[in-house]
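Chain nomenclature is as follows: A, B, C and D, assigned in order of appearance, with residue numbering initiated at 1 for each chain independently.
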Amino acid sequence: MPPEPVMSREAVSAFLDEVFPQIHHGGPGPVVEAVGPLSATMRLPYHERHLRPGGTISGPAMMGLADVALYVAVLASLGPVPLAVTTNLSFNFMRKPARRDLIGEARLMKLGRQLAVGEVLIRSEGEDDLVCHATGTYAIPPR
Amino acid sequence: MPPEPVMSREAVSAFLDEVFPQIHHGGPGPVVEAVGPLSATMRLPYHERHLRPGGTISGPAMMGLADVALYVAVLASLGPVPLAVTTNLSFNFMRKPARRDLIGEARLMKLGRQLAVGEVLIRSEGEDDLVCHATGTYAIPPR
Amino acid sequence: MPPEPVMSREAVSAFLDEVFPQIHHGGPGPVVEAVGPLSATMRLPYHERHLRPGGTISGPAMMGLADVALYVAVLASLGPVPLAVTTNLSFNFMRKPARRDLIGEARLMKLGRQLAVGEVLIRSEGEDDLVCHATGTYAIPPR
Amino acid sequence: MPPEPVMSREAVSAFLDEVFPQIHHGGPGPVVEAVGPLSATMRLPYHERHLRPGGTISGPAMMGLADVALYVAVLASLGPVPLAVTTNLSFNFMRKPARRDLIGEARLMKLGRQLAVGEVLIRSEGEDDLVCHATGTYAIPPR
């Protein structure tokens, strides 16, 4: 059974705002909805700064959501590790997002001493179909 | 020998500004430096909106640069195809970018009837080492 | 709700043996365990031809398992499409497999007109932890 | 300028045959053609065991070639590190290989203390177009 998170949703949010203030640059950025055992759920508010013409949410906005969701899952599991760095991210874009908030659910598939590997499922709020699937690897600095 | 581009740098830039005005939302976005046979070079200006604490350029800014660079290479090769959509993007992040503009060089490895596949090499201006390597696939709508 | 498969496990197995006889070249290859709505389960028998020194199953054997598992999920959903081709595969290797059969569970996240996208979870039989996670894209020929 | 290799082609070949004897199981496997600064060239002989019906070389055979080519580039650069493990591999398949040997050219884009990242270009011998492009990451054990 995966271990319980060592940081609460509130603690992770406060840490994120401190170390990554610019995720909210130009408008609201991703928000931590929940953390759990090796997992995290983030919401990306539907906002002009994330849009493509036609009102659809842009690829880079989804990629940023996936990146931070994995980072939050690592943080919640290990405690504050500001120096963890993304080494690999891979995305499949499957459908056009609706004109709604996006929900990203991150789950770590491995949390090793040096590497964390996880996936993120991104959906438009209230829908079942995946908009985007991401996998990523974080390098964890020696502690 | 790969075919000559069918759109000039100026034509591609004007088309991008028209269909993706929001890449410059909140500050200067990626700029087309050059187009060539199955290739394109883009510059991401060093600007506060792309930064992480410590002054380094963020992962999502690099991912956006790679995405648009591949799209520009497709545009330059095929002419205006506003509906081409990214289906897959994969990134390896290798070094921390310097406090300088980033240069992304996109090259299409395949330009088929339905799919275009390419890679993007991202470096800090004036440096040899790669900061990030990306590969991506675009689905091309039937014409 | 995903559609029911249009081919049975037996029909898919017979089709595979006919079009890909060489997956059993040199010893037993992957076996179809089950097909379901947009999904398939394959077993790779533990056999000398798939091993690395130390008795662990090789990376290429796992990659072959993932590739065929996605193909079987496409077949079961669409019926015999011998010309579907893999365009992209991406793997994260997370743990050393045990000295046991491997089980690969494929699930299609998108089954479009031109592209099918899915993921494969690979585990050693009887274990919960993932050995490998794969995502892949198949191009489906016009019908 | 990248460092000169620390192992010769002959030394790497002998090491490979010793630690991975099974790459030649069932017929000739990949052969080291050359090693260079952060690079390696491998040849996969055209042989029945690597074929798909129609005489084309199979995806798993290409994936195995890419994996070993990156490993050889790591070996040639670092000396014998039998415990280096693949953590990530990503492939774009672009064309059907010809009925000929395949040539895989691996180049390391990063050789760090913990991670090596590289790409592999795979072509049918004597052709310019890429059959497959791969990127991969190796975790290097502490020395």
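Criterion: contacts are C-beta pairs under 8 Å (C-beta built on N, C-alpha and C of every residue); 3 or more make two chains touch, one makes a residue touch a chain.
For clarity, every value in this text was computed on a predicted model and none was experimentally measured.
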Exercise. Which of these, B-D, C-D or B-C, makes the same contacts as A-C in over half of the contact pairs?
Worked result: B-D
Exercise. Looking at CA centres, what chain is most distant from chain A?
Worked result: D
For this session: Give, as an integer number of Å, the spacing between the C-alpha centres of chain D and chain A.
Result: 33
For this session: Give, as an integer number of Å, the spacing between the C-alpha centres of chain B and chain A.
Result: 23
Problem set entry | Separation of chain B from chain D, taking each centre as the mean of its C-alpha atoms, in whole Å | 28
Seminar exercise, completed: Shared-interface residues of chain A (touching two or more other chains) are 87-88, 90, 92, 94, 117, 137
For this session: Spell out the residues on chain C that touch chain A in their complex, using ranges where they run on.
Result: 90, 92, 94-95, 109-110, 117, 119, 129-130, 133, 135, 137
Exercise. Any idea which chain D residues touch chain A in the complex?
Worked result: 87-88, 90, 114-115, 117, 137, 139
Seminar exercise, completed: chain A contacts chain B in the complex at 19-22, 25-26, 48-49, 51-53, 58-61, 63-64, 67, 85-94
